[in-house]
Amino acid sequence: MTVVKSTLPEPARRVAGEALQSTLVDLLGLSLIGKQAHWNIVGPRFRSIHLQLDEVVSVARSFSDTVAERSAALGLPPDGRPETIAAAYTLPGPKEGWLRDTEVVQLVVDALASAIERLRERIDATAEPDPVTQDLLIGITSELEKQRWMFDAENWPRDE
Amino acid sequence: MTVVKSTLPEPARRVAGEALQSTLVDLLGLSLIGKQAHWNIVGPRFRSIHLQLDEVVSVARSFSDTVAERSAALGLPPDGRPETIAAAYTLPGPKEGWLRDTEVVQLVVDALASAIERLRERIDATAEPDPVTQDLLIGITSELEKQRWMFDAENWPRDE
Amino acid sequence: MTVVKSTLPEPARRVAGEALQSTLVDLLGLSLIGKQAHWNIVGPRFRSIHLQLDEVVSVARSFSDTVAERSAALGLPPDGRPETIAAAYTLPGPKEGWLRDTEVVQLVVDALASAIERLRERIDATAEPDPVTQDLLIGITSELEKQRWMFDAENWPRDE
Amino acid sequence: MTVVKSTLPEPARRVAGEALQSTLVDLLGLSLIGKQAHWNIVGPRFRSIHLQLDEVVSVARSFSDTVAERSAALGLPPDGRPETIAAAYTLPGPKEGWLRDTEVVQLVVDALASAIERLRERIDATAEPDPVTQDLLIGITSELEKQRWMFDAENWPRDE
Amino acid sequence: MTVVKSTLPEPARRVAGEALQSTLVDLLGLSLIGKQAHWNIVGPRFRSIHLQLDEVVSVARSFSDTVAERSAALGLPPDGRPETIAAAYTLPGPKEGWLRDTEVVQLVVDALASAIERLRERIDATAEPDPVTQDLLIGITSELEKQRWMFDAENWPRDE
Amino acid sequence: MTVVKSTLPEPARRVAGEALQSTLVDLLGLSLIGKQAHWNIVGPRFRSIHLQLDEVVSVARSFSDTVAERSAALGLPPDGRPETIAAAYTLPGPKEGWLRDTEVVQLVVDALASAIERLRERIDATAEPDPVTQDLLIGITSELEKQRWMFDAENWPRDE
Amino acid sequence: MTVVKSTLPEPARRVAGEALQSTLVDLLGLSLIGKQAHWNIVGPRFRSIHLQLDEVVSVARSFSDTVAERSAALGLPPDGRPETIAAAYTLPGPKEGWLRDTEVVQLVVDALASAIERLRERIDATAEPDPVTQDLLIGITSELEKQRWMFDAENWPRDE
Amino acid sequence: MTVVKSTLPEPARRVAGEALQSTLVDLLGLSLIGKQAHWNIVGPRFRSIHLQLDEVVSVARSFSDTVAERSAALGLPPDGRPETIAAAYTLPGPKEGWLRDTEVVQLVVDALASAIERLRERIDATAEPDPVTQDLLIGITSELEKQRWMFDAENWPRDE
Amino acid sequence: MTVVKSTLPEPARRVAGEALQSTLVDLLGLSLIGKQAHWNIVGPRFRSIHLQLDEVVSVARSFSDTVAERSAALGLPPDGRPETIAAAYTLPGPKEGWLRDTEVVQLVVDALASAIERLRERIDATAEPDPVTQDLLIGITSELEKQRWMFDAENWPRDE
Amino acid sequence: MTVVKSTLPEPARRVAGEALQSTLVDLLGLSLIGKQAHWNIVGPRFRSIHLQLDEVVSVARSFSDTVAERSAALGLPPDGRPETIAAAYTLPGPKEGWLRDTEVVQLVVDALASAIERLRERIDATAEPDPVTQDLLIGITSELEKQRWMFDAENWPRDE
Amino acid sequence: MTVVKSTLPEPARRVAGEALQSTLVDLLGLSLIGKQAHWNIVGPRFRSIHLQLDEVVSVARSFSDTVAERSAALGLPPDGRPETIAAAYTLPGPKEGWLRDTEVVQLVVDALASAIERLRERIDATAEPDPVTQDLLIGITSELEKQRWMFDAENWPRDE
Amino acid sequence: MTVVKSTLPEPARRVAGEALQSTLVDLLGLSLIGKQAHWNIVGPRFRSIHLQLDEVVSVARSFSDTVAERSAALGLPPDGRPETIAAAYTLPGPKEGWLRDTEVVQLVVDALASAIERLRERIDATAEPDPVTQDLLIGITSELEKQRWMFDAENWPRDE
């Protein structure tokens, strides 16, 4: 017996559900590593990057809520438990301990770039089965691309 | 060479640091399982518990930030990465998929009770080495005990 | 002589206009039956559903304004008069008098499900002629699907 | 068996209930025709009247909620369903399609004047049976008379 | 020698003063028993009723201030001391200890119904001597009748 | 030809209009003498009374607007021009120049007492012809009686 | 014996005091005739001018407070009593009764132009004796010139 | 069977519970006598003390809520019913009727001093059994000592 | 060497970049001519259109920021320098000096209609290469079409 | 025939008008190049300067509005069209494309220094003909000098 | 080598710099002695003066920031270190320990009068070299003269 | 004769008083040197540190108020006069004139470290005599340790 019914037919629901579940993991992961860097950063740009990271975390947390609730709305229970994130998260993450500010900037650029690449694939995959989910993924991509640029601009000249 | 210096002597710093790191893991874990339940709950009390869970998550997120920054302030880099939480989190957590409202209430009561028990041990341990850290742990305990009561009161009569 | 000119060619305008007019009737109808239930609900979940219904009404009112103004912006006068709504509204609605809370939950799930089904057809129909209107309908669908899930989650187990 | 009990004796309750139910229909009707004019108005005073109409709609919506909840508080289920409004609404309303600004001003003056006349009769009728309901109707009349004046002042010289 | 002078002649002042003093006791009593129930409620509707009780308390506190200041404005010192409330309060109140949610709902319905009945008598009594005081009592009655309905609607079916 | 039409029959309109016009003059006068005292007060209670006077001015300004707009709503143009206020204002007012704080308190008590006495006559006069206007005058009286008490309480013991 | 001492020598104080007292009368007069027009305006621009007049009134009230308190700060008790305004106000003012919107616009343009002309003379007169007072008058002139322009722009073509 | 479970062992819970229950009675009593004085004060410092008393009431109400919810959180139902307060309240309180401002100041100083003395004993008593409750009592003491100082400073020279 | 890297492949980036750069010029141009009209408008609808123009300017400024930052996010430096706008702006603009209100309304309708037409071409062009950019352009078009309608409705009958 | 009349005699008006028109061009130019730098800046101080530039833009936009409306208030239509800015703007501006953070800081220091120098000349020129305009220019200069310092302090040591 | 460049020529800069530095010391001194009195005041006007002193402190702190940043903007490093204030502050200040309310009022009147006298000299001195600095000093004088009046009015009759 | 009475016995009061007075001097000194650095800092991190210093100043000002009022609450008049701070302040402070950003960061780290060390001694000293004062000092230490960490993290690698 179905617990929460879906407004989508089955194959469409499966495609949308997979896109949402993997996006959820990416966003929860980004929110955790963003905080990790926020706490452990050192160097002359400490304050500036410390504050900027909180914006990334805030964006990631807010979108993770939207994504998980969209999954539930389609009748698919989302999974954001610690063990699931640890097992499924594949974006770059920080090493243990203090992190130099330049390292942090590079790390965030790389993590966001990977997340964006994966989102663009899901945008293509969901266009047909569920344009409502696609529209949500487009909005997330737009914001993450903006965040990526701001860290990339901060990251120049790169050989510094 | 020390990156961030400490205002505490070494043995005190180690005790306080361990208390803060394990509290950080508990709080980040609570914030993740709180959201998991917030998304997956079903049953006639859906809305009421759904909203109450967001207060627990908000409390857990806010205290996790305070705890991690206190650790950094003592010269100890906090660790809140996904793999660390998954490995170190020992409080009860939800199973996969939809969760009945009564199950959720019981789960939160149990998870908070475990967290509180562990916090009370750390309050004792830090009294001597660092009353500043102890005061922070007392504040967290007070709030979690309030949250636990509100779920426990909701949970009665228990055999329902 | 045309009163308000359109930025769309004629056939596109007609398709978009029909989609918007029927969406307007659905949303105004939902706002009225949502309030009817808000006032007449009785039962142990009175307060919880009473508040949740006001969120549905608020969503429906706000989107009805956007939809009607979009229609006007395309040069098509929208029609939201009482007699038009009464004649054209086809979604489920409440009976007269007090309504048991469980009945209300089921009613809102059904009314929203019907509205969503009709919106998804209009999303397909407007993709080609006017992607701006389509984007608006996608946004409405996303929000109504979220509302539907929250009532459906509340509605479980269904045979209660 | 009575669902919601009343704090009024029966004859008083019936008089107050009828006054409230007919006021509810008038107010919901005004809110719908106010929005209809808000969307369809054209002419050099478009913006000014467009904004003023939203104030009328906001007043009518807010009072309709108060009136319906007062009816429920007296143990009488209010009826604001689309079919009820369409059947029972007797104030002047707009024709279909675009509306010239001068027409709109005249229409609102007329509709408010009719509503006020009917309210004054209900103020007399409820004085004895329920001064609490009377006080509410006095407050509504005061606000609608203010709105009527502002449209009437805008409407001069009338033969323009 | 009179301390604060009155703007009312003596017999009118006495009638208004008695109505205000007994209303003050009822409202302060309601604010105290509302909080008592807010703290001691248990059961599956804990959160929902816990929040709703705070609205009753807030209403009762705010009106008690208005009533006491109106009494002072008429030159009659109001009396809201603990011993006065305990001696003069005659509305139903809770027993000691934890309270089941269903009991709380019934208790509040009963206490509000008694308060309303007493207020309606004072509305009649003050109509002639002081319509300003009467108007204040009408406003309080209106709000308490709304609160009573919301608990009564929550209280159905009553034999549950 | 009538400019703004009335919703009241002629004799009722004349009674309400006279009550409103004389109330308007009293309130505008109070707002001007309140400010005069606010600027010219001296003595050890300067700050306390200086602030309290601004509350009286704020109340008088706000009610004067309501009263004048009610008059216009009844089709009677209100008159608040400087020469009209100077000619028609009959309440006590301050002498030129600096004012001792004790004088100010006594002056405000006297001016408010006169205004209240005149308002109570108008409450009686308008009860029959226009209960809507009466309700407005009751509200003004209630607030002015509260202000009068607060200055009278400040004014004790009077022979100090 | 001086009540409030001055920080200016005597001749300077007299010049500044006269400039402030006559500015006070102009501003209080403007605030009263602005409200008179706000209440009595009729015509198709009713709403637009009705709102704009409230901005003039708000500006005039706020500056009258600043001007009167500056006078007091220089040890000169300001005079803003009704009889003083009526006797000393020399700017144009409205006739009794309803006012056509075009008349109102012309009246405000004329009244502001006269006020500005008088202010510019006082700016010259106070430059030497008290640049602090001059600076305040410059600020008032700037704002009144802006208000005058907005009514003058509204007033075109003038022979309409 | 225990209704709400405790996170404290039994003897600790009893000590903390007694400290919280007697603090609750003191705070609810202070909130009632604070309001009583707020309404009945007369004298030249009326406004100043009238406002300051509302701060005491606000502090006492807010802490009473915290204290009662802490008691519930420890599994002990708090008791704040009118009869309990009247029976258990032992701090000084006002006599009936109007109160001279100097009397009020002395009364509040005395009542707060007694409350503080009793709180300091409970701070000692709870240090061992429950540092979380102790921390809450310390915070209440700090705020009440600040309030006491402000009334005591107002109360000087005492023989005035 | 690339300064800011792109998340799009080259040909897609070029198409999106051109769409964004020309939209940027249109929006900055609209913000400048909107302000020009805001300052230079004269006529009986001065205030109404003066305010409405500020909404257009606010919309144009806000979207120009979003568009330019999206361009940067794609690795393409946006160009909004004065000389670039002057050279590339091709929408209708106002002549020098005062502008009659009717002229302004027509000018804004025309400028917005041109901007919308160009945006619709870019919506088509970007659908394939970058749906994220397309979604942004759809949002801008939606808002500009709403603004255009409101000026067009104001512009009727056109031969006035 | 004059459209908007002036409150200044002709020669004074011409001097003030020229000062305001050239200030308008400088400020609009600064707002455009400030945004250009805000979007195109790269380097390790990206975030810090990116945010600081938005403050400059906000200041420049707000003052440009004040300056243009002051010009209109003096009866002189301001000119802020794209072609006018491009032709008349003479302060330093950025080259096309990405801009290194150090370059941006130097550019803003230079542009503000030029703007300030030109403003100081206009302060001298307007002192006699129109002290109201002079006062406005003094206010602008004060704010731009503060902004210049903050960029200059950031720009040190200069040979870095 | 100059660190921060100036926009003023040397002699002007020196005059403005001296005026700003001595004003900075006066304002920082006033903020410290204002707080000292705020904490140590006793007497029946405790609360009233306690609050008024915080307004003086707030004004002094805010202006000290403006003055110091203006000095920096002119290329002159301001000096507000404790030893500088202690050495250079010459206005009256309080003795150690508790301060009677009447003493405090007199002290603030005297300290502000001295500060104003010194500011008026600096207004004259800076008129020629830097009208921007002069304008700032005029604004400070205006506010301090208002504060002085309010304490002086409180201070009457002086022999009380 | 005692002016403000104490709620502590004499020896406890002396210990607490000394701890509070020396903390007051440290905090007022920190607020002054924080502002000094805020104004005089130069270098590429100007904006970032300039803003961060204002947070330190805000913290120091707010705690200095709390500390001084706690001292008064214990019956001990606090001393924060300029000469007292200059004489008693022993933490590191800045030299005269412009300060390089790296110097500022080091200075703040050192000053905060000294303040913290002294606070920790006072936490020990006050534990027994007054746990309420101790709790306040713990709160201050917690915040200053957080601020110290943020500057220390900014200060790395230290030999840069």
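Details
So that you can tell them apart, the chains are marked A, B, C, D, E, F, G, H, I, J, K and L in the order they are listed, and the count of residues begins at 1 in each.
One rule holds for everything that comes next: contacts are C-beta pairs under 8 Å (C-beta built on N, C-alpha and C of every residue); 3 or more make two chains touch, one makes a residue touch a chain.
Each chain and its UniProt protein: A, B, C, D, E, F, G, H, I, J, K, L = DNA starvation/stationary phase protection protein.
Everything numeric here is computed off the predicted structure, so don't read it as measured data.
Path length between chain B and chain G in the chain contact graph, taken as the least number of steps between touching chains: 3. Fewest steps needed to get from chain G to chain K, stepping only to touching chains, is 1.
One finds 41 Å separating the Cα centroids of chain A and chain J.
The geometric centre of chain H is 32 Å away from that of chain L, both derived from CA atoms. Put simply, the C-alpha centre of chain B and that of chain J have 53 angstrom between them. For chain L, residues touching at least two other chains, in rising order: 3-4, 42, 45, 48, 69, 72, 135, 153, 156. This structure has the following touching chain pairs: A-B, A-C, A-I, A-J, A-L, B-C, B-E, B-H, B-L, C-D, C-E, C-I, D-E, D-F, D-G, D-I, E-F, E-H, F-G, F-H, F-K, G-I, G-J, G-K, H-K, H-L, I-J, J-K, J-L, K-L.
The residues of chain D lying in touch with chain E in their complex are 3-5, 7, 69-70, 72-75, 131-132, 135-136. Put simply, chain A touches chain J in their complex at residues 45, 48-49, 51-52, 150, 153-154, 156-157, 160.
Interface of chain G with chain D (complex): residues 41-48, 50.
Only residues 113, 116-117, 120, 123, 127, 134-135, 138-139, 141-142, 145-146, 148-149, 152-153, 156 of chain I touch chain C when the two sit together in their complex.
Chain C meets chain D in the complex at residues 3-4, 28-29, 32-33, 35-36, 39-40, 42, 61, 64-65, 68-69, 71-72, 77-83, 85-87, 89, 93-94, 96-98.
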